[in-house]
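Below, chain A partners chain B and then partners chain C, in two separate complexes.
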Partner chain A sequence: MEERLETAEAEEIYSRLTARKALFILAALGGLVALILAAASLGSAKVGMGEVAGAIGERLFHLDLVSDKVETIVWDIRLPRIVLGMLAGAGLAISGTAMQGIMRNPLVSPYTIGIASAAAFGASVAIVLGAGLIGGEKYIVIINAFIFALLDAALVYGLARIRGMGSETLILAGIALMYLFSAGTSVLQYIATEEELHAVVHWLFGSLTGARWENVLVVLIVLAACLPPLMRHSWDLNAMLAGDETAAALGVNVERVRTLILIFSTLPVATIICFTGIIGFVGLVAPHITRMLIGADHRFLLPSSPILGALFLLGADTLGRTAFQPAVIPVGVVVSFIGVPFFLYLILRERREYFR
Partner chain B sequence: MRYKGLGVILLSAFVILDALLLEPGCARKASSPAPEELITITDLAGRRVELRQNPQRVVVLYSQIPIAMRCLNISLDRIIGTDAFTIRQYSRLLPELEEKEIVGRHFLDLDYEKIIDLEPELVLTVPGALKRTGIAEKLEPAGIKVVALDFKIKSFRKSLELLGKVFEREEEAKEFADFWFGKLEEVKRRAEELSEEQKVRVYPEGTQRPYVTASKGHTLDEIITLAGGVNISAGLKGRSPEVDPEWVVERDPDVILKYPMGAKYQGGFGKADVGPFEEMRKEIMERPGFDRIKAVREGRVYILSRDILGGVFENVGVCYVAKILYPDLFKDLDPEAYLEEMVESHLGLDFEEVRGVFVHPCPWIGHYGGKARNG
Partner chain C sequence: MKLKVRGVQFSYRSEPVLKDVCLEVGEGEIVSLVGPNGSGKTTLLKCIGRILKPTKGVILLNGNELGKVSSKELARILGYVPQSSPGSFPLTVFETVLLGRKPYIRWKLSRRDKEIVHNTLRLMELDKLALRMFGELSGGERQKVLIARALAQEPEVLLLDEPTSNLDLRHQIEVLQLIADIVREKRLSAIMAIHDLNLASMFSDKIIMLKEGRIYATGRGEEVLNPENIWEVYGVRVTISYDSGRPHIIPLNTKREYEGNPAVGKGK
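Right, the complex of A and B next:
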């Protein structure tokens, strides 16, 4: 009798906690919607909320509500940037969450296994050694960045596989490759002319200024394809937090889960950074903040962290393009400047250990 | 042979040696140099430097310097070393630089041991090098004089005069400066007659990357202003700020000018291919929302070659931009003929050999390349 009561009580506490987490997700979504509305009505062109609504109505329902110029500013410039910012934040955050999960390490981000430095190296190869096709250079850079990011992931995977996909092997192989590609980029920067150097350095700052609907579409497709498989393994990730042996004892195929998650978290990151350049920090910090707020249960963590990542990146970009308008501060820079102090504050306030 | 009487510090041994070594190298029509004559000059970094006039062993560390020397009829045989960037920049105009010793990648990244080893009398560079590298402190103890020249328009005449004084080409310096500033003044004078409403509003970009514009202090801004245009980005903070695309659409500029710094292809002397410039132009015209901009609707989007922006060819750049901005006002101005005159009578080169793409498109000329021209 007594025991049954305790179970009931535990169940009640559990469902209360679960409800709180669901509430948190809803609140974060609400915040995101509010931020989208704010971001859509802010900008160097004086196009306010009403006109934004008008422009959207005009395009969707073929009405004649605003001038062509306003419609262009809203549809072709502001909205793709906002959506790409959200998707990039979401993608980096969910990849970070998944990678921290499979590697059981709070220092891991999507870049720890060297994706960013590989992409930067690929971009530098295109910029410095590129075949001299100017107009096409834009695409050479994007394609090169993407290919090298995937190549890096494949190398890390291949190396780790030799040692049974252990989390340490993944991290160490990734870090080693990260240094290798960074060194390669440095060599290229050294042999680059002043002008090429300028282009390389500019690429290294992540920026959303070039956002187009085509880019948005590509990122959206990749994210939509990668999210469900990640979500499906949230229970496995929870089990793996207790250690590989424990997870194996609970029936998790640890090696297979690591492989799948590695693939499905690398793809979105590679896709995002080849369009935006390197945006650091979101992939590291969004998972942490989410974990501090709702705990380490991946069933909630995986869907919530992208919302926070989107909030974070969109907020940073909106600040970056409005603070000194019409000048734009690259979002990669803003993210670090506002993100780091905020993150440090959270770490100092938080007493709990991670992954509890 | 010693300069003690003038109260200078050391260095005599180098000078004697150099004078002996290089005397026959200079087979110019100029009067034979007087090796003993010491002059004191104030360079463009504001430093007083005492040096032997008409030095025979010189290291140049900036791409504009050998061009300017050539324009004053100073033999480039005197250049014994230079940096890789300077060699590359105008390789089509001055291929002889390729035979010089390389003393570094560019004026901020130098191999000082190598320079000292070459035993030059004089190193010519720009004020930025003095400020950022301490080159004078490193070389002067070895008895090498360091003199800074400045190639911004406001200092250009002074730089030419200084170069003329150092190499005993004062007359040539004056003549070239008059030629150089003459056209510039004419363009400026005619542009000043434009009323505010007549002035063309320009959105410039100064790198290959989209949306990185050029504000006050950038060469593009200077050129646009001299040509009578209004740079819509002039008031922004920072010399090359990145701007929000919607701002460009809202400001609706009349003309877009782009200098694609960082791109592999830069056009210029000896480069006749317009393909890469056309692709850059298309990239601008196809940006989201840009179809609303007047400059794009009217096709007034131009790519400029590095070779006419800044330095010794900036006067030509101003002429090209003036012609782009006000085709009617400058109907009689022919920038290419002016460039041709500069190349043929001042640089002493055959223009046909170095003809290239300097702006694209070039509406007042049908096409580029071997088109027969008067002049």
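Right, the complex of A and C next:
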């Protein structure tokens, strides 16, 4: 009898621990669906929420519900941008979550290891010098950015490998390379013509202007491929929060897990920024806010933070697109302008100490 | 069940830190490692726990070589309690102790995992803190949580790295008493690195005194803790009182003071 009582008690404590987290995921998903509908109806041409739902249903189920004009606006103009924004937010958030986890450092973002400045350098080389490693005129910026991002990740990985993949080495090597690539980009900006400079700066802002279904598809495939391996290591990530030595004592192969997670969180980021430019802050903040809300258990954190990241980025882009019509503010700028005060507020309000 | 360490050596770069260390720990026994900073206590613990790989020597449990066991299996045999643990990410006490079940979990938790965590928390009198954040606890509570995590691994051997270093007097005694009770009750073998010689003499069945990576003396408290050994290993003159029935060390002065002023030590 006593035994059974204890089992029930253990189950009850555990379900109290998890119920809130599951509820949070459901609520965030609901919010995201609502935001998608709202975002697709907002813009220079008036489209009602019902029409948006109709247009989506029409394509998906081959019905005839709304006019062709509405269908074109929703499917060819707004949705690619909305979906790319969501995927970008989700990808940056999950990658930030995983990287903060393996480095046991809440100040880390997907860009800490220098991917963003490397991609910026690659893009600038393409824009200013017109030189690309491979690919035709049209894709040269995208491909250059992607290749340089991967090159940076490989360099950081190689350097850290020498010192047994310690988190400090990863961060320091990343920061060093970040400065190197930034210096390179500055040189290119200095020698660029007015027009090229404008293009470089626009790229650095990060925007969703160039969203097309092809891009969306590429990002979606990469994300879908990288999410399961990251999720699979949730328990390892949890153990690594207790320190490398404790994780090792709990049976985790720390070096191997850190390497795998680094690879699977770098790939989505490289893919996303080569299409959107550098959208900062989401990758730092979304993991943070999610952690404040539901705690650091990666089994829940890894699936939750991308939902929050998607909400955040989509919300910011919708605002940037509609607030000062017809002018469009690049999403990277909006993200920082809204995100920074909000984040500071959260840090100041939060009782718990995160940075120690 | 018996843990045997045979001829273990370890070097950081080419600097030898442990030289030919041999020891044995029986069932229900606590063995304390004492010695000055840098004498190799923590390194020895980490070599036994395979957090570091010894350059030479073997570690045997019931005659089986632990070096050949998979890391997951090893985590079911050895529980490691670190000196402290970072609390920078918000995990509850329950979740922290749950990590001790990591070597048994594939993905989903079994009912048994939850039960063991729950029972361990009760055993350590932490059940009221189950849903509190680990980072918000006091030093003594944190240390208990770390011990609970190691116990949740259901290990046969417990490795403790200075479990009392951050604790006040009451918590030092409380935590060590708890460890001693559990080790005896569950018939574990415990090896504990500890600085406080008096606590070591109170709570261990055997004391191993390390000097510069070698075992200098080994035996029961009253055999190892004498003024000669402490003078040789620590360079401190002490007198020892047996008022409590156990050796109690009272430091007098250090080697440097003694050599600088020979008059200081003459009282004895």
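Convention: the second predicted complex is superposed on the first by the 327 of 356 C-alpha atoms of A that agree within 3 Å, B and C clash if a C-alpha of one lies under 4 Å from a C-alpha of the other, contacts with A are read in each partner's own complex, and residues count from 1 in each chain.
By definition in this document, a contact is a pair of C-beta atoms (placed from the backbone, for glycine too) under 8 Å apart; a residue touches a chain by one contact, two chains touch by 3 or more.
All values derive from a computational prediction rather than experimental measurement.
J.: Name the contact category of A:P326: first (chain B only), second (chain C only), both, or neither.
T.: first
J.: Which of the two partners, first being chain B and second being chain C, lies in contact with A:L223: first, second, both, or neither?
T.: Neither partner.
J.: In the overlaid three-chain picture, which partner chain does A:K69 touch, first (chain B) or second (chain C), both, or neither?
T.: first
J.: For A:A88, using the defined touch cut-off, is the partner it touches chain B, chain C, both, or neither? Pick first, second, both or neither.
T.: The answer is neither, since A:A88 touches no partner chain.
J.: Once the shared chain is lined up, is A:A199 touching chain B (first), chain C (second), both, or neither of them?
T.: The answer is first: A:A199 touches chain B but not chain C.
J.: With the two complexes superposed on chain A, say which partner A:I77 touches: chain B (first), chain C (second), both, or neither.
T.: After superposing on A, A:I77 lies in contact with chain B but is clear of chain C.
J.: Once the complexes are superposed, what residues of chain A are shared between the chain B interface and the chain C interface?
T.: No residue of chain A touches both chain B and chain C.
J.: Please name which positions on chain A make contact with chain C in the complex.
T.: Its residues touching chain C are 6-7, 9-11, 13-14, 16-17, 101, 104-106, 235, 238-239, 241-243, 245-246, 248-253, 291-292, 295-297, 352-356.
J.: Flag every residue of chain C that touches chain A in the complex, lowest number first.
T.: Contacts found on chain C: 46, 49-51, 71-76, 78-80, 82, 85-92, 94-96, 99-100, 102-103, 105, 107, 109, 111, 114-115, 117-119, 130-131, 133, 135-136, 149, 153, 159.
J.: Which residues of chain B touch chain A in the complex?
T.: Touch residues, chain B against chain A: 85, 88, 106, 207-212, 236-238, 241-247, 249-250, 252, 260-265, 276-280, 282-283, 288-289, 291-292.
J.: For chain A, which residues are in contact with chain B within the complex?
T.: Against chain B, chain A makes touches at 43-47, 68-69, 72-73, 76-78, 80, 127, 130, 132-138, 193-196, 198-199, 202, 207, 209-210, 212-213, 321, 324-330.
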